[in-house]
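Every chain is named by a letter (A, B, C, D and E) in the order it is written, and numbering of its residues begins at 1.
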């Protein structure tokens, strides 16, 4: 799922400095699951901003709402009438939500409350790690189900590099070396010979490097 | 408080219970114990005892008869007849029951019996029970003589326990635990304090006791001395109380001066109830407490009446007694 | 600034905070009038939302009274509460408020003395700060 | 001054009682004799007991305690006939060579998978008691070497007639019981050492030494047994640093510093030589698959001891309907372990014995399925494991337009029977989808708004 | 001959080759390059020119290589995959070979977190093995990765790095095989302190017959002080320094640390000479280029074949 975390509160306050009345919009989907932008966070963040502005002697009025999802145009209607009497919206959805807000309510600024970070999952409750870089051309079948693009700091396809030691990546002790994991996994599957083959250079065109992507499913279009 | 725990268990299992208490208020000695938490919970179970007591006191399923002293327990057909004296009205009553649980508890050792330790003669010699009450109600340890905060405190263990001279050939099991924990409370309330702990063998008390013991050992102001002091005097020229003891460590006789001395008193069988359980056919064990093996059909014992226990063991013993009562009543019906 | 009689909201766990409050009252210890006591079934029910809402509504300080670690009837309620308090204290510092406005206080049921002491210490910090 | 504060108490009074009928049935599993006692007591109370022991016969549950029983008649009285009584008991179905592998479900409706011999069988029951014996993990502080045995192996290894250990002709001449090297909370080893020591001395004339940091006598009648042991010639030493155990001339050698010696006479190092056996106090732990079963039930496991080390859980675990006894709760001397086990049996009887229970459907939490993002926070945080994700919600954050009528979606659901109403899930839920029915957020927020 | 470079000739002659390393300046101060090159002239067969080593911004390796080429030294241009994508790499190779550079060492390159531009975006379009196969394609088939004809004739002596001390150890030799298959003509290993592990690695390399299909040079790095030894042991991933070497360095009296470091370095070189399959030594003495002559002298590696 999409993993995001809240922006430092000072940055948010800086963004909202010119405004007196704003809408704070949460989202009920991914950012709720990773506890960054759900209804609970809306309440907590709203109180924090109000208290901070109160302390600074420049009170602000915040209308709180949580949309079912901020990545469906239809659900934007839930915020339509609230948007009428606010100056701007602070959306604590992922980057997609903020942009749909900006696109739907074209005349009012839409500020991001979160830093959308990566596609990943909670290793344990409260610890999120990256698993997929959305490169558009999956190689997991070659590496025993462990992605070198997302989990190797250098996205090597013929790793591990010289800096891999004790199963950890050269950049930091709490980053596992993806290729050590791949090696262990293929060894367990008895498919070590896969590693002897040279994986040719990757076709990066399907990834972000190929430009913003679009998937069209004619069969679905209504 | 084992009786209270047992009453609680039986009501939850659907049995109607009558609780007879000779004092005006239920709770027994446990009602005076203080919470022994420092910056963390030291698992003294006092709060669990408080909760059990409040649970029973406020529950409408238990008929509470305070100020009622049981005089006699007699078999009466398949059940029992108890002769109970209402101490306030001086009237005698009869209470019938299918089963009886004797949870008359223990009698704290009367420290004046050890005259040489000066309890009763010097105000600053307290028993463990006095310190418990002081910490519970006043919140901090003070010298009774002048209300000052004591800095040098001695704890003397096994007062009235493991003592052949008074025929108490048993360990009271709870004193090491309560003494160490209260010493830690004093240490955490008054960082300047110094504790001298006179003991024979430190007895563990349930799980995670090692944490408390290690904390004491690592505390520089905590001195463990393997010796039992012989005499306590006041020298008029010198402040505080002088305590003389033969210290195994140095092999010399030491005289040390303390602001406060706490005697960790043990438990002994309650003589008042001797007549009560003898008539009911129960016999004392090797240690003088009621021998649970001699309980037969319909009469059970719970808590310290059958031997010294700390609060955790008393509660467990009460639950075991409740199970035996339920099993007995199931057999009856 | 903080008035003479600061408004303090005390979220008290039913297992330890409330009995400690009642014990303090029964001992006749003096507690400030501005103290608002909110009973909760467990320390763990003191949500981040409640704590921030209290400050938002104008409380000068928020105190969470829960059980000591390893003594919680619901295993981890007190640990969760402490983590939330620490999280908010960090956030408060960043928005220019003193982190002393939110404080986590472990208490035991029969420690009325400690309850009153902790409240008084908080009042002194507020008036002193 | 005090007592005039504005106080918001938890709303009491209203309750919505619901009758829950539970079939009084229990599975008692494990290899600790306390399990037999629990099974017997519960069966006498009319509960349908299924007793699972990992051995072919019940005797083998009591067998490891034969030596202690012959040395201490209170243990003998406890264990001797229980195996016999339980094997005849009409109310107990006995399943031998069985070990629990997987448990799921709730109080009153557990499904238990047990490996019996080779195959797996599923049982349904209302409550579970696990009475496990710990197996020796290691000998803290003592290097493993020939002649050094953990208590468990020594006690089950002695031949009662000859006093000899397995593979030896006659009984050992000199035995050292080395206590407290690791665990100081536990006193079972001290008690066993003294009582078995007297037995060995009386029956086989073995010279017994007991080395300890603190001699544990806080068990009934232990002080008198300790004095009897000393009078019968058993020598007791107290040490400070963990003694050195090494190969000596003609057997093992133990070197230590006598804590009780008068230090003014210089270092007081004592050497015991030509020892046949050194019995050291081992650390006990749970086997991996038993630990796995406990983990699945969300019962915390701290260094081999189950159940949170928390005074609120005397004799019970946070998982309603499951109790733990024996070494898995806390390694104790058999008589103490019996009391702990029976207090756990009482807890279990309270939940399972009566058949019909009143559950308050008002004093619990409730999930609004349309807001639930199935993020599993509530499932992970609930101390009683009372929340699961099920398919019952009509609306869900993830539906797209055009979903067919009557479709249902996954959402968290509270099991009313085992919810204790603590509110942890409600406070953690990121979607504010869970409320305590008896104490919704509005009550608190309104009180704050009014009083601040 | 693949490139006609001096290094290739030395290998052809079967002489024990010697290369050193030169770190370009953090700017365009040509004097620094001249200074360092002066010490190395005539002492070694070729000089590695690092490519923004440890991701620290320095003068480009092509420019520095050209500078020392004009001074009569033979450069081994290092090429990392961190800073250029396949377009940049191939065009730089064309430029370099056009300027007369004949040796190229293909590296993955240190992650930018180690350097002085941690916020930069890395590339890693290719990895070191893919880089080797691309350059081999250009040299042998005259075709770029995309398949276009190369206008001109690219002569290159391709090298790669190998780390016998990285994990998983048993995979290291197999990975070397991949590099050789991809076209590595010579190999320079990570600096060697743990001789036993290096011997074990060499045995695995010999078992795969790789020592006949490529020239392996053992890497050595003289330690400057006890502190440096301890620091590298703990903090530098991919390098293992046995405790006795750290002890020797720490035990060296004040001011004598450097001498002890060089002594150890020379001992290592002596041992490398005897190991079957090791065709040369690569002396990594960055910022210590002035001590290289002394090392080469004492290790009996002079005079160099002209």
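Note that a residue touches a chain if its C-beta (ideal position, glycine included) is under 8 Å from a C-beta of that chain, and two chains touch if they have at least 3 such contacts.
The structure displayed is predicted, hence computed values, not measured ones.
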| item | value |
| --- | --- |
| Chains touching both chain B and chain E | none |
| Steps in the shortest chain-to-chain touch route ending at chain E and beginning at chain C | 2 |
| Most centrally placed chain, judged by C-alpha centres | D |
| Centroid-based (C-alpha) most distant chain relative to chain C | E |
| Reference chain D; chain at largest CA-centroid distance | E |
| Centre-of-Cα separation between chain E and chain A, whole angstrom | 40 |
| Whole-Å separation of chain centres (CA-atom averages), chain A against chain C | 35 |
| Rounded Å distance between chain D and chain E, as computed from the means of their C-alpha atoms | 61 |
| Interface hub residues of chain C, defined as touching at least two other chains | 15, 47, 49, 53, 70-71 |
| Per-residue overlap in chain B, given as positions that touch at least 2 other chains | 41, 43, 47, 208 |
| Shared-contact residues (touching 2 or more other chains) in chain D | 309, 311-312, 381, 432 |
| Chain-chain contacts as defined at top | A-C, A-D, A-E, B-C, B-D, C-D |
| Touching residues on chain D, where the partner in the complex is chain A | 371, 373-375, 377, 380-381, 397-398, 400-401, 429-432 |
| Residues of chain E that touch chain A when the two form their complex | 81-82, 86, 108-111, 113-114, 122, 124-130, 133-134, 145, 161-163, 165-168, 171, 174-175, 177-178, 181-182, 190, 237-238, 240 |
| Chain C contact footprint on chain D (complex, rising order) | 1-10, 300, 308-312, 318, 381, 383-384, 420-424, 426-428, 432, 436, 439, 441, 444-445, 447-449, 451-452 |
| Chain C - residues contacting chain A, complex | 47-49, 52-53, 55-56, 91, 94-97 |
| Touching residues on chain B, where the partner in the complex is chain D | 9, 12-14, 41, 43, 45, 47-48, 162, 169-171, 173, 176, 201-210, 213, 226, 248-252, 285-287, 293, 307, 312-313, 315-320, 322-324, 326-327, 330-331 |
